[in-house]
Every structure is written in C-alpha cells, then in structure tokens.
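In what follows, a structure is listed as structure tokens, so that the remarks can point back to it.
As written, the chains take the letters A, B, C and D, and residue 1 is the first residue of each chain.
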Amino acid sequence: MIRSLLLSLLTLFGGAGIAAAAEPAPGAIHFGAVGSGYGQQVGTQLIAIAHIKGFIQAEVGDAVKLDFNYFTGTGPAINEAIANGQLDFAQYGSLPSIILRATGVGTKIIASGGGTNIYGVVRTGLPINSIKELKGHSVTIQKATILHWSLLETLKANGLTERDITILDLKTADQLAALASGSADAEFGTASVLPLRDQGLVKVIYTSQRDDPRATGPSAFFVTDAFAAKYPETTQHVVNGFIKAAQWVAQPENREEALQIWAKSGVSYASLKEEYANEQLHDRLDPRLDDFFRGQYADGIDFAKQQKLTRKDVDLSQWVDPSYEAKALATLGLQNYWPNRDVNGAVVSN
Amino acid sequence: MLLPLILPLSVLLLWQIATAREWLAPQILPSPLTVFWTFVDLVTSGDIVEGLAISLRRISVGFAIGAAFGLSLGIAMGRSAKLEQYVGPSLRAIAQVPSLGWLPFLMLIFGIGETLNYVIIAKACFVPITINTAAGIRNIPVHYVEVAHVLRLRRSAMLFRLILPGALPTIFSGIRLALGHAWIAMVVVEMLADTAGVGYMMTWGRTLFQIDIVIVGMVVIGAIGFLMDGGLRWIERRLRRWAPVHA
Amino acid sequence: MPENKYDVFLRGLAFPAVLVLAWILVGQFGLIDPRLLVPVQRVIAVPFFDPDGRTIWLSLVTSLVRMVAGFLIGGGLGILIGFVIGTSSLANRLIGPSFTAVRQITVFAWIPLLTAWFGNSDGAKLVFIALSAFFPAALNTQQGLRDVPIALIETSHVMRLSWRTHLFRLLLPSALPSIAIGIEIALISAWIGTVGAEYAMGFGRGIGIFLAEGREQFRMDIVLIGVVTLALVGYGMNIVLRCGLRRLVPWQRQNS
Amino acid sequence: MRAEALLDTRSSLDIQAVSKSYRVDGKPREILRDIRFTVEPGELVSVIGASGCGKSTLLRLIIGLDTDYEGDILLDGRSIDGPTADRGIVFQEPRLFPWLSVEQNIALGLDSSGASPAEVKRIVTEHIEIVRLNGFARAYPHQLSGGMAQRAAIARALVSRPKILLLDEPLGALDSQTRAYMQDELLEIWRREKITIVMVTHDIEEAVYLSDKIVVMEPEPGRVCGIVSIDAPHPRRRGTSKFSALKDRVLSVLVRTQSAASAGLVRSHPAAQGGIARRYG
C-alpha cells in the first residue's frame, strides 16, 4: 500500500522517464558463487565472466549496484547465504542446491552453469591405475557435493559400489593433508587437484571429461523466488546478461581472455588450461536448460534421496523455470546458438 | 523453585511462537517439536549414541595421555626452578596457540584419524595441567615446606603428604580447565577434520541444511560438558573433605 | 645462586632455539619432504616477498579490527550480565542456571547455527567473537562480585552507604581484579574466536582465512607464517594486558 | 641406671659467638651479633626480646633450616648440620597440614624413623593422649581450636623423641585463658618427657613462669643483653611478690637498652597480634 502510494507520488513528481516502469529498480543485486584461493574476488564460472566483463551491469543499468560474493566455503556457505536473504542470484553445484531446495527455501533454476571437470587422483607410488583398482582403498571427497555424486556414479560405471571403498568425508584442505599423510589413498576433486599432481604428490587416474561426460559436475544459475517475484524485469535483465556472457565465452577468440579472468581467482592458469583442453567452451559452458541438463539434475535428485541427503522430494519441473532463458535467447537471437542435447549429452537437433 | 525455569521456558515459548507464526523460515529455525523428534530419531537410530561413544573414547584416551605427561612435567617443573626457566616460557607460548592452529601440522604428521584426535586432545590437556601443577607446587606455603624439612620427611611422604595434597586445588582447577579445553578441541577437530563423532554430526547437519540436527548436537555437547564439569566438581569435593566448607 | 634476569630470559630461549636449529638442519639435509616442512628462510620471506604471502598484513589488520569489535560487544555485555547476576540475587536465580547451562556448549558448536542464521557475513563472525568473549567476561565479573568479603559488605551496610558509594567504593574496586582477569581471558578468547570464525566460515579477509587458503593451496610456508602470526598476536596481547591490568589494580600485590 | 637414661634423653646446647647477616638490596644487614649462651641438659630456657631482635632467626639456625652463619652451634658438643631427629620444633602457628587428620599429621614426625605402621600407630595414639586430644585423632585441622591445633603440633614434634625441643612463640596466637592452660600443659610435658626446651617468647610473664633461665635479647642487630636465672621451684604462683620481683628483674635488663624500652616491647605486642589477625582473617 504505502509503497504503491510512494510510487505514484514518484511518478507524479519524478517525471516521465521512469513513469512507465511497473517495477522499481532494486538498489543492489547480490550474487554468490564459488571462489577459491587468494587473488581477487572472482570465481571460475560463467558468472565471473558476466561480472568482470560487465554484461549484467550493462543490462540492468549503472544505477543498480551489483555485489558479487565468491565463497570459499562452497555449497553449504552459499545455501546459508541464500536462506538468509543475503543473495538474490547464485551459481553453484547441483547437490548443495538440491539440498537447499529440499528444505523448502524458494529458488528457481534459470540457466545451466555448465559442467565442471572432475578428476580422480591417487597418491603417487600406489599401484592403482584405474577406478576398478580403487577397491579396498580409501577415497576422500567432500560429501553432499557433486564430487560425492560423481565418485559414486563412476564407481557404478566400473561395477563397484560404495561398500567397496572407504569414503573419508573431508574439506578440500583436509583432503590434501589426508593424501600427504597417507590417511587417504585417492581423492575425487576439481581442477584444484592439478597443482598436487604437478608437485608430484598424486597422479590422475580418471577425468570425467575423458571417461564419462555425464559424470561432469553440473551447476546451475539460480534466482530466489522472492527476488523474481518482486523484480521480474530485473531478473530478465540479469539472465540476458548471463546468456551474453555465455555467448562471449563460446567464441574461440575470447577463450584466452576468459582463462586469464578465471586465473585471477587464484586457480593457476595452467590448471584452467588443462581443465578445458581439447574442448570448446561453447559446449562445456552451455547455458541451456535442455534434456541433458535436466537429466543430470534428475540424477542428482535421485542420488540425494538415495544417500538420505534430503528428507523431502524435489520436483524438478516445478523448480526449473526456462521462461527467462527462452526470452533471453529470443531477444538476443540466439535460439539456435547452442544445440539441444538428449539426456546422454548427444546432440539431437538444432 | 520455579524461578530458574522462567527464562528457559519463555525462550522455548517464544521459539514455538516464532516458528508457528513463521517469523523466521523453518529452514533457519525449526520448531522445538521438530528438534525434539529429530533428537528422538537420532537416539533411536543409534547415530547419537554411536557418535557419543566415539567422542567419549577419544576424550578419555587423549585426556589420560595428556594428564599423565602434564602431571609428570608439572611436578618436575614445580620442583626445579631451572627446568621451569628452560621450559616454562615455551610452554606458555604454546598455550597461546589454539588447537586450531596446530591442526594443519598435526594433520600432516599424524594423518586424519584417531591418532590425530588423541594427540590434539592430549595437547589440549597437557598444557593447562602442566602449568597449573607447576604453579600449585611452587605456591605451597613455605611454612609447610619448612615443617617437612624439619620432620625430615622421606621423598615419598614429601610427594604424597605435602606436595600433591598441597597443590591439589590448583592441580584440580588445571584438570577442570584441561577437560574443558579437551572437549572444545575435540569438537573443533570433529567439526573441521573428521568423519565421526558429535562434532561431525553437527557439520553434517550444516551441510544438509538441517538445523534441527545442529541444535540437537549443541544440546548434546552442552549436556556432556555440564556432566563432565559437574562430575569433576564432585570428585574434587570428595578429595578435599579436609577443607572447611564455605558458607 | 644469583638469579640474573637476563640469564633466566636466555634459558627460556634455549628450547625454541634448539627447535629452530633442528628445523634448519632438517631443511639443510632434506630429511623431511620440503613440501611439508618448508625451510625457515622461505617462511620468513613469505610476508615480504611472496605476492600471496603479502596479503597477510591486510588479513591481520582485518582480523584485529574484527576482534576488537567483537570483544567490545561481547565483553561489554558479559560484564553487564555478570554484574546483574552478581549483585542481584533475584537476577541470579532467574538467569544464573540458564547462563551456566548455555555456557557448557562449546563456543565452536555455535558456528553451524550462526552461519544458518546470519550466513557467512561479517555479522555471523562478529556474533561468534562476541559470544567467545561474553562468557569469560560475565563469569569473572559475577565471581568477583560474589567474592566481595561479607565483612566489608556488612561494614558498608552499617555505615549506611548510598547505593552509588556502595557500588563505586566497594563492589567495583573489590571485584576489579577478578573483572580484570575476565577481560584478559575474554580478549584471548575473542582472538581465538576470530581466527576460528574466519577459518570455519570462510569468505572475506582475515588471518584465519589466510590460513585456510594456504592449506587449500597446499602452501605450507603460508600456513606456517599464519600460525606463527596467530601465536605472536596472542602472546603479545597477553603481555600488553598484563602490564595494562597491573596499572588498573595498583593495590593488589603482584606475585613475581 | 636412671641417671644414664636421663642423660640419654636430654641434650645440652652450646651457642658460641653466632653472628648472621642477610644481604638486603645488595647491602649486608646484620641480624645476629655474637650470640653466646648455653643450655644445660633438661633445662627450659626462654629467649625473650622485642620483635626484630632475631629470636626466630636464632631458632631457625638451631633447628638447621638455615646453615649460613658464623660461629658455632654445638649440640652435645657436635656442631649441627641440617635438621635431625634429635631436635624438634613447634612454630608460632601450628603449621598442621590441612589435608591430613590429626593422627596423620602427628605420624609425619615418625616418617623418617623407619618405625613399622603398628609402631607408628601406637606411638601416635600415646602422644595424642599426652597432649590430651583423645577423640580428635581423625579430625581435620580446621575442626580444631587454636589451642588444640598447637597441642597437635607439639605432639608432632615430640613423637620422634627429640633430645631438644625448640618452641617459637608457640602460644603467641592464643587467648590468655588458653594460654595459661597451655603453659601448664607444656610444663607437664616437659616434666614427663624430661626434655631440653628452648622457647622463644615476647611475654615476660610466660618466660618467668616457665623457664629455668631467660636469655634477654635486644634488637638491631640482635644481641644478648643479659641472662637471668630463675631458680624458683615449680609450680610458680603468678600473683606472689616473688614472682613480681622476678618479672621486674627481667624487665630491668630489657629497659636498660634504650631501643627495647621505647620501640620494642610496648609496640611489639599489638603488631604481632595484628599480623596474626591478618593471616587468619
């Protein structure tokens, strides 16, 4: 009531410029994503490109302050921040977001964030060269993350189950210590394990990119229900910016600059280069909410239920809201820029 | 008297109202009933009992090791001023570094697992017990020491009749401090770098964003801390029956 | 045996000196994997020459500011609550048992709840630091007031002192040594709380995050310098407080 | 036969030109200067003087707590070296270990004797009777009155059958009634145990009432300024004119020295009391 009153007053005295706008612009928009290491406040995802290259700022206008937060605490930390209303948008891995959704905190999936390559490494000196040989050994991961999911998926693909190995649930830094001290024989991790290999501590026996693209860790871009309800137009602007960032990254001539941007986060340039080697960023960082994306998320939801990570069911169809993305693609004329993939990642149509 | 119950009950009531009226999202503040049923679940499923058994075993072993070393070194330092001058400053500096600071190294040396827990808990006990034992012995009134000399007490009598009972109050507050520190250190290690125990259960609750599990963990940790402290007070009272009772 | 202060000081240095020497030797002969036990000179150089290591200065300042803020809030509230339950028997019966019960919860166990409530923001950290400082401050204030000699309280009653005089001439000065100890412990707890909060909550700057990041990147030199800094700040604070508090309570005899 | 047994339990003490100084702030400060007197076997000798005259220091030298002095202290002709079983001491405060019961405290006196537990038990029980603490064997020190605690301390000093008993103002902290009673107890023990006693006191009446000989000291530095022999038989009657005359004699030796008259005796008493009150308050 009061706000609409104020609004009409504003319209009266404020002039015609914003008179037509049905919604007031938010003073600031808060974004969250996973960050790492020292260096600047920047991450290694699409959102970081949108941030540094100013795609979103350009869409929402300079009057709106954009606040980007990169969390070292990964999933749980972002969940907590969303639940506390500290974030309006976030890009992070599927499992933590499923856990949050299951508790009933309102979010919408508005774009895919692309996949993260997952590496399986073992301590150097151990006679283990394949996933099958992990049987009877201890593997360290952080539970309730895409790494957990990826490990179990990979085991399944190799005819092993959770019971064939010992899982040590540790945070990244502690995983290093566990490997270095010999408490753990193997680790499933992201590109952050590559420097360890370069130091000669571990050898890589598995990468999802090479061995099973479906086990590549999915991520998504979210908006909170509260924000989307209050600022539907701004939400659309943000998604437009996000898609523009994806389009920019997809162009081969920008690859080098993108890697440089991500390297500011503290993840080494060499690691990033290797993470995306032999691959088009166009394919890996596909923002489309297609069947492949939905398939991976559905897998994640099943997994979370099996592992008793969630108490309530998550209905994916209620959760994914493709309308913003569709509108953005139409606005930008990019309907056919990224192909449709089936659940296995194969291109079905264009 | 009902007076002490007023505050907890009104907090509980406010909590219930807050959740019933959804002042706070239930994900952030689950209702007291949810917490209660989670507690029942965790007890009947054996999760809590199992976690507690692990935690209590850790604390017993770690405490035993730390106390044994602490008492020995403390007695030696209390009796030899020279040893105290050599070791004392380093020990007090070590006391300034919280267990959290040691964690990175100890993890590399001992790996992740029970040894690490024992070492950290033992260290948490060792420092306060050593410092307090040494201080307790040094602060035994010189009056009594003179009596012991005049009576030419043997070494054993000196230790068991004068030094230990004389230093007992100080040693005991060291032990209580040590057990408190040990409990904290253990919860910290379990929360940060372990895969079992009550502390891990809480971190897991945080990961799953199930705050009811977190609250249950807090209550359990508080209750155990309370019982341990109460138990030690009781033992101390029994050991100090010679002391006049304060009104 | 004449005890020269200088001699005693040197003896205290003997043990750390042996340790450092062992460290240097181990490094020289490569007895332990240098990735785990970084050579001394590299650790010392880190805060000055390494671009990642140099962030320690900003981290340290951030942590100190955070600590002081949390300490002021928590310590202040602690003294207030301790004062209330230490002087009013009604308040003591009303709040005392709850206070004792809540105190038993290891401060660290609050972190998951605080992060759920306040996120990983500075707010959550501040609350945690305040909580760390609160309990020792409250406890020692209460104890100090409870231990005011009955004889003096009776004297005050007999002289029919006004509440103000009673408070400022008897209660506070008498409880001051205990309150001072409470402040000392509260500040140390606030420091540990600061590092712990940063370490466990992540996000932002601070010496705890510096440490956590060093670990995540497997930079033992950074971890080592972080821990040393942490210890030095704690030790330094202890010394400063001892001197400061000694002035605060001039009538108390100090045992050497 | 009987005479030999007596000789065995009594000791003589010979203090020869004993001097003692401390270093205070780097400067030497003389505490005792050229102390000389002898104690015959079985004698009860009091050392009296104002506070600060080094009475207690002297006792610490005799018992062997402090061996850094000039001159000689001979016990039965042998110079002493550290505490031994043939000398017992009772301090001004009882100094009972608060965590031990009365009987455990007394048993401490036999710790180094090598006596069997049964023997210890027997001797301790016997001495509890001597100091009339029957029924309090298992009491803790805080449950005893000042007089009872001091009797327990005396028993602790006696169990090892010392040849000489040193008393450092043992009754100083007691009220006057208990004190008078304890003086008689002490005489009784002295008589029964046939022991040599050296007692430090600041109470002239007490010295006159108990002693065979009174060594009068003056302070700064502590010196002997006179030795008064009391040859009256026990029990002595306090009110008599003879008793008063003896007191006057001792007093006259004391007042001869300026410092004792002005600063010493008059002020020493309340000051000592104040000190005690602080300690127990």
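Keep in mind that, in the parts below, contacts are C-beta pairs under 8 Å (C-beta built on N, C-alpha and C of every residue); 3 or more make two chains touch, one makes a residue touch a chain.
These figures come from a predicted structure and were not determined experimentally.
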| message | Between chain C and chain D, how many steps is the shortest route if every step has to go to a touching chain? | response | 2
| Most distant chain from chain B, judged by the mean position of its C-alpha atoms | D
| request: Determine which of the two chain pairs, B-C or B-D, is joined by the larger number of C-beta pairs in contact. | output: B-C
| said: How many angstrom lie between the centres of chain B and chain C, each centre taken as the mean Cα position? | reply: 18
| Between chain B and chain D, what's the gap in Å when you average each chain's C-alpha atoms? | 49
| request: Could you grab the centroid distance between chain A and chain D? Build each centroid from C-alpha atoms only and quote it in angstrom. | output: 89
| task | Starting from the mean Cα coordinates of chain A and chain B, work out the distance between those two points in Å. | result | 41
| query | Where does chain D touch two or more other chains at once, residue-wise? | reply | none
| message | At least two partner chains per residue is the criterion; list those residues in chain B. | response | 27-28, 104, 108, 192, 206, 209
| query | Of all the residues in chain C, which ones touch at least 2 other chains? | reply | 36, 115-117, 215
| query | Which of the chains are touching one another, listed as pairs? | reply | A-B, A-C, B-C, B-D
| Hey, which residues of chain B end up touching chain A in the complex? | 25-28, 104, 107-113, 192-193, 195, 200, 204, 206-210
| note | Residue positions on chain B within touch of chain D in the complex are 143-144, 146-154, 157, 161-162, 165-166, 168, 240-244
| Given the complex with chain C, which residues does chain A contribute to the contact? | 36-38, 69, 71-73, 76-77, 80-81, 83-84, 86, 172-174, 176-177, 180, 192, 195-196, 199, 201, 266
| Mind pulling up the chain C residues that touch chain A in the complex? | 35-36, 52, 55, 115-121, 201-203, 209, 212-213, 215-218
| query | For chain A, which residues are in contact with chain B within the complex? | reply | 75-76, 79-80, 83-84, 96, 99-100, 103-105, 143-144, 167-171, 173-174, 177-178, 180-184, 309-311
